[in-house]
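Here it is, the structure in full.
Order as written gives the chain letters A, B, C and D; numbering starts at 1 within each chain.
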């Protein structure tokens, strides 16, 4: 795609620095603030009995939280992945790595990903881009490489049309993505029967998408809706010429808010749903579970913490778990199954959205 | 509970000072502003005929107002309780005392509560925490002690999961609270047949709670919903370390707004309902009665007034009564029974809430 | 009522000065802004053909506008009434005078009211307070005096519970107002068969009121809803002691917004409806007619103009007529009957109001 | 009409200068922001396959965009028309000219319109005012003159009651506009069978209008709703006397927002609909197509660009096309037909509007 490896590395570093220092989040929200959990004045449970464990993709998690896949492919990425791995190992959580394409193309970079396995046996999720199966004609062999590279427990295939269209170097062909069905099926038959996750990168999936993903036999959908990291905003900070800036601004609020996307997807999809995109507290996590998710994913706050050290990652994640447990105490849910059944109210724009689409 | 009596006394004083000097109220409202009473242009009544009397828990009140239980257990508390008692006696209203646990544990403190009986024969309501019946294995004997201590006309059992979870020294076990059914029943059989009230402390009860409280045979529910004093805010002012502050902020708006909680409870509970939490005018009181309450409770404004003297408490309560009477005149209600039947409109978020939950 | 005539005169002058110089209008609106007339891009009419004439209470009006009754009883009132009379005569509109009680009690003041007949033969409406028929035991003879005093074409009986309750000297008995039925019927039989109008003074009538007024056989209802002049605000400016101020503030927004009151009344009342309270443009008038009124009334802006001279009153009223005609042109209504059938949209809080009450 | 040609020319120039330098747009919006297209996370198409072509009025357009008719009749107008013609020729789009009345009245001005044919063979739409067929008794011969003047592919007949009523020199008779049916039919029989478009100038058409326009056999409706250029605002800037200013302010927000007008019209009209009035991006265009339009029209931004040169017009239009294509990519629409079927959500006031009117 006419860009040198070096240019891509520079771009990835720029992304990380922008995420660290600038406001790269949507102006619009996840709409999770339109979900209100109902306080239980009698509670009826013992805080110390609360259990947050779940089982996901064959592995146990001490709480329904994974770190969303973010990076790999250069020195800083290696450090970030290491810090995240140490933290999730410490806490019994799971994590994803960033797109493994860099190491597929250049084996020298493999250690920037598989470093995670030096620090944890917990759930680790691999990451490849859907678009490359089309434009680069990838097949099950590439998947095998990616899985083996990090001994992945599951594979995330990311769909990122907005990101591709706004990047000067983007791949713009998502036609015939249903060919993923055969590729995944072949992989599972020839190699390992691990779960495959369809993942957005911050714009969410619609109901229509979920039907397509269901037909491709994806085992899980990782929502990654709008309200958290905005790729249009990241690019807006990078781009210099005024015309492209002006154009980007039009799409800075594009995307399905996370809460809306969760309702869209769960209306047609019965398998695992991961609530993600703009998850910023244990209260957000409790709301996602209550409205239908099995687990949540967090990216940006963990990236920031990981740049300070693995203990910082532990701190952030511990806070989320604590908040989740307090929320569970206040709605009287002793475990995640009970939290899934807790009553809630939907208000404002989210209510409008649901009533018109579902 | 590894806290010394001294530490608890200091904490209670801190609470009073914070309530006196700082903004300790919810950012969100009671939603009573979403209730609109309908003006009656023809009125049809004589202002001088308006009667605000009610009968509550076997005692007459000149207006449907009680001072919610707040304090006891130290010198300032004694002064506060005395001032409130003198005022309610003067006006023919009722009052509650704060949690009597301090005097259950330490009999030296009894006079800080029973001082009220030196000043009034009116309705006085005792106060114990539901959680202590579980964690401290309290039984009907403790209730007896509390009742006799102040010759209580009724007993409030407070449920305060949020308060407990955010206090470093909190009791966190509300499991098996239905054992209160037997304890209360035993008490009534062995000692006195007085009414028992389930009381929140500022987060309100849900419909689900009300069903449980009904099964425990509570004679009344004291709503104490969100919109007035916020315990998370009080604690936020006390706490020093940044991490706990950050966590508390997430729950500063937790709770069911008073008006919503009233609708929740009355949808399943047919006994006495006291509207409380953020009641700040006679207009609020008129609205509570119109939407289904039998009486209202006020805490914070009375605490503040009581620190200035009993005449100040009288002044505040008199203003509420006057406003209540004007509201009754303007909706054409000659007495509380008619006020209960006055038409009203529910708008905004409260309307949403009701339509989704009830 | 222990107030001397002098004190009452001073109070009336104070009212006029406050209305002239201060903001005495509601913070809340008439809700007419929640009514949207639908633009007709094709119009379909000739502007010069537009006719705004109506017939009201046996007299012709060149446009559906009357000046609401405001004053009488002192020298400035006489000047005001004269200026209004000259202006409505010039334009072919109608007017009311203020409460005639002053002149009933003291015949010396009659000329401050009947001055209007020196300047116009147009529609003139008399004005008495409903409350006086109860507290002062007025009967049909008093009505006769009032009618003859100004050769009234119709009589307005004003209902003003809020005004009475907030004035230190207020009459507070609206009990048995249905006795007005017999008094009015007696008057019509013994004296003249002129129409009687039930009139508010800025808080509007409810549906329940309208049923009562219908039973009293009122020939018309003059809405005078909330959104324009607020009597609580006027009093707030006059009163000095802090406690009364605090109390008045609670009721400063009390009342049924004009648009809501119109919908309330028309839902049960089939006779003449006058839209009034906060009418401030010809567009407001067009909206009132479209949602069900036969005519509109304006007070405050005319009071202000009348203090400058009768030409100023003409100017203000001419502007209203011009705006009304433009609105009619833009919705394609050639006359008031067509304007009554023009489509409109109801939004926001007014929509909520209607859906819950009607 | 007692205005000299010179005065009219000066007024037209004033309009252009005010549009160039001042804020002449509505305070209220098109309500297109209440339309939300649904992101397709899987996209499913190849960006490079996207086709935006449409056929309109017998001509091909490379994208569903025309420049709305604006000017003619003086030297600057000629320059403007030339620049727009060069730009639409370059890009394969269409355009309209401004009202041709000036050149009907004075043949010397013809070249200020027909200059466009020196620069493009693309779709060019003529423009005459509906009101003149009534007040000036125009007939099919006038249409013939206008068509031949610019070899028009289609004729727009503009309806502008607001504009006429607020201009001191306005024509105020829209009565019997259905006589246009015969005139147009005669024209088509005697001269050329080209399509006729009913066009507003910024206040939109209602459902009732659309029924009338359908009966007149208009082949297309050009919405030109509220939210973009506001003629009341333009006049407000021109007018000097305070009274007229005050009156104009009342109507500054008059009109049907573009999105609402599109829904109104399409509910009763099955022919070509052009979405216009406040179209300011390719995203707006995508929304108009999704909710039912065949093409969009843009005026003000093109006027501004044309005053800088034709390349600037190209730039603006190219940006719109690019944004439209990105939106199509993100909703997975390969062509305009697919875009017409893309799902969307309607929220806020637009939702209210539709639910009450349609």
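Definition applied: a contact is a pair of C-beta atoms (placed from the backbone, for glycine too) under 8 Å apart; a residue touches a chain by one contact, two chains touch by 3 or more.
Everything quoted here is computed from the prediction, not taken from an experiment.
Identification of common neighbours of chain B and chain C yields an empty set. Under half of the residue numbers found at the chain A and chain D interface occur in both copies, marking it as a different-residue contact.
For chain C, the chain with the farthest CA centroid is A. Look at where the CA atoms of chain A average out and do the same for chain C: the two points lie 63 Å apart.
Separation between the centroids of chain A and chain B, computed from CA atoms only, is 45 Å. Contact residues of chain B toward chain A in the complex are 130, 159, 161-162, 165-166, 172-175, 177, 198, 200, 203-206, 208-209, 212-213, 226, 243, 246-247, 250-251, 254-256, 349, 352-353, 356-357. Per the touch definition, chain B reaches chain C in the complex via residues 38-49, 281-283, 315, 319, 322-323, 326, 329-330, 332, 343, 345-348, 351.
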